[in-house]
Amino acid sequence: PSPKSSSSGAIGNPPKSESVLMTSRDGITTITLNRPAKKNAITLQMYEDILLAMNAASQDDSTITVFTGNGEYYSSGNDLANFTDNPGGLKLSEDGNLPLRKFVDTFIDFPKPLVAVVNGPAVGITVTLLGLFDAVYASDRATFHTPFSSLGLSPEGCSSYTFPKIMGPSKAVEMLIFGKKITAREACARGLVTEVFPDGTFQEEVWARLKAYAKNPPNAMRIAKQVIRSSEKEKLHAVNAEECRILEERVLSEECINAVLNFFSRKARL
Amino acid sequence: PSPKSSSSGAIGNPPKSESVLMTSRDGITTITLNRPAKKNAITLQMYEDILLAMNAASQDDSTITVFTGNGEYYSSGNDLANFTDNPGGLKLSEDGNLPLRKFVDTFIDFPKPLVAVVNGPAVGITVTLLGLFDAVYASDRATFHTPFSSLGLSPEGCSSYTFPKIMGPSKAVEMLIFGKKITAREACARGLVTEVFPDGTFQEEVWARLKAYAKNPPNAMRIAKQVIRSSEKEKLHAVNAEECRILEERVLSEECINAVLNFFSRKARL
Amino acid sequence: PSPKSSSSGAIGNPPKSESVLMTSRDGITTITLNRPAKKNAITLQMYEDILLAMNAASQDDSTITVFTGNGEYYSSGNDLANFTDNPGGLKLSEDGNLPLRKFVDTFIDFPKPLVAVVNGPAVGITVTLLGLFDAVYASDRATFHTPFSSLGLSPEGCSSYTFPKIMGPSKAVEMLIFGKKITAREACARGLVTEVFPDGTFQEEVWARLKAYAKNPPNAMRIAKQVIRSSEKEKLHAVNAEECRILEERVLSEECINAVLNFFSRKARL
């Protein structure tokens, strides 16, 4: 179990967590999902730890923030135990919203260039959030999968807006509604991924590039991101709010409850 | 000549038409353009039959709706005889608008996943509407052609908005203004088409995939589509209204009248 | 030094400039950057000459307007001497805005199909403006480079809006924030370029195609462009205004001043 974070995200005070690591060097702060035995599935505690890490990264003196996973997977997404561990299936925040809403808002508002280093397969929320990143580098071992419909769920992470914008509706819907899993090369051709690297040289090539990028004037990069994001920030927050409103209904639907029960009964039989 | 439809689109009461067929099985309702001797060109009657079929499909118990063509062509688009068969060149609906406006609105508002199975060449309105579909599977024999300018006409089907969004203005304008005909592979690289299949295995591969997709929880798919569409539905209706307003002027322009006359005089000489 | 323009852009009265040429034939008006010894870098005078040429082209009887460069380069972009030649680093227009704002507005509002014939490497503003063109044909010798961050600057030419829309944020930001230079084939895959041609046959193939396109009915083409542009013209003007507001601050920043000084001191040492 990951320890509670001891920090409110102040500068130099990153979260002390085993499942979400945070390191900083060469002008780059890296947030690493570190639960490899569970394919880096994200627990409720990890959502909170990621938020703390994002807040710390937004204020430290790094110029670029990187998101990655430890081990074979980037992340298998939301830990489905989150549904069953909360009696009633749903835990709302103090403000009456899904915790997901604040989580996604943090990615919308993040003030520095945010880069995903996708080291392996990515699922669910860790795929949809990529539409809010500034660059996405992927190993050729990575795959991208958003099986919302089969779980009775609906798209989040602003993907209902960003995916059709990035790849056109005909390719976005195949992923978001029909749950088609795509390869790293397909994701790159569709514009979700910036560039794909052979797995053998992935880490070496990507980090060399990121270190070079981190040497650009920091204010220029931060302000360029602000200009780019400003033309749709309001829209993104509205989309996030609407997606969460719908999802709140979906997690209580019979389709979703049956799908989650099936998932765990299949696991139990193995 | 296709018989009048006898239905107002109520459930289980699809239009009785020879030129627009409607079948339902495996959770999929299929609407087929069936005028192969005329390359599935769409007559005024067929526009009405398609609307009735869409209304029926939106209310039946299928989970996915498919649009396709019978024979060698997907569709050669609007039957140009529609212009000459209406003295004055233009027939408005009772509400004073082009019938096209209501036709396109039906595609904007369609509540279930809508898939195009493009079995051969597609022209005009049957190409532009693809930007409103949720998935587009194409045979490698298919081509995509929108020769509006050479006919003195202007883009419709929301393509003036969806095409630049899907493929960027530099590729959209080449199709919409310069009338460049593109191949299925080009359309796929541009994001208009989801995936291309060899013609020999096209039907088999596409229908196997669609049957699998149709097994997803139906409410989840319907709601996911609603979330995706909601962020731009208002914009799409506004674009459709503006495109129809402009087109109403264009069909009465000298450029258009001369182009249509030339088309028929060329045909007559053959 | 290029002579002052003698014209206010009235029909048949193109600017008399050595560095910005204007010719008209076969229904196509061509504006050529003609400062090959300086890689077609754009001086303050050339910005004015281009505006005059654009105004003349918008009103003459051509149907298509083409933008191209003479020599090995398309253009190396804004001549950095523009910064140092103006004490204080910044010269505002009479209306208190950056001259850039009016310059970009002219591209947003241009009423006819506007085609870039990218004969070689393109840098900075001549790359970002491509997002406002209706077609972009490139030699396979062309490259596309927007090194704003390394100069302490921020994106302009509406690229903060058009680039993410065309190629998705993950590929747009790599160019606009990290300054990645891309090839013609990459730019084509990303949707910034319509089509790439081998350099040996580039001029021949492109001009044959343009001459054919120029034979389409001129009103139909002009009105189709108007329909396509109208759905985002207001947004584009707002983006341009915001980009110029930010850029006004950036050109006076320490990061920018240092970067420009370094550029000239490196040049002086060669």
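In this document, chain identifiers A, B and C correspond to the written order of the chains, with residue numbering beginning at 1 in each.
Everything below uses one rule, namely that contacts are C-beta pairs under 8 Å (C-beta built on N, C-alpha and C of every residue); 3 or more make two chains touch, one makes a residue touch a chain.
Fair warning: this is a prediction, and the values are worked out from it, not measured in the lab.
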item	value
Rotation angle (°) superposing Cα atoms of subunit A on subunit B, nearest 5	120
Interface sides of subunit B and subunit C: same vs different residues, half threshold	different
Centroid spacing, where centroids are CA-atom means, of subunit B and subunit C in whole angstrom	36
Where subunit C touches two or more other chains, by residue	165, 167, 189-190
Touch list for subunit C against partner subunit B, complex	113, 130-136, 162, 165-167, 189-195, 213, 216-217, 219-221, 223-228, 230-231
Interface residues, subunit C side, partner subunit A - complex	148-155, 160-161, 164-165, 167-174, 176-179, 189-190, 235, 238-239, 242-243, 246, 250, 253, 255-256, 259
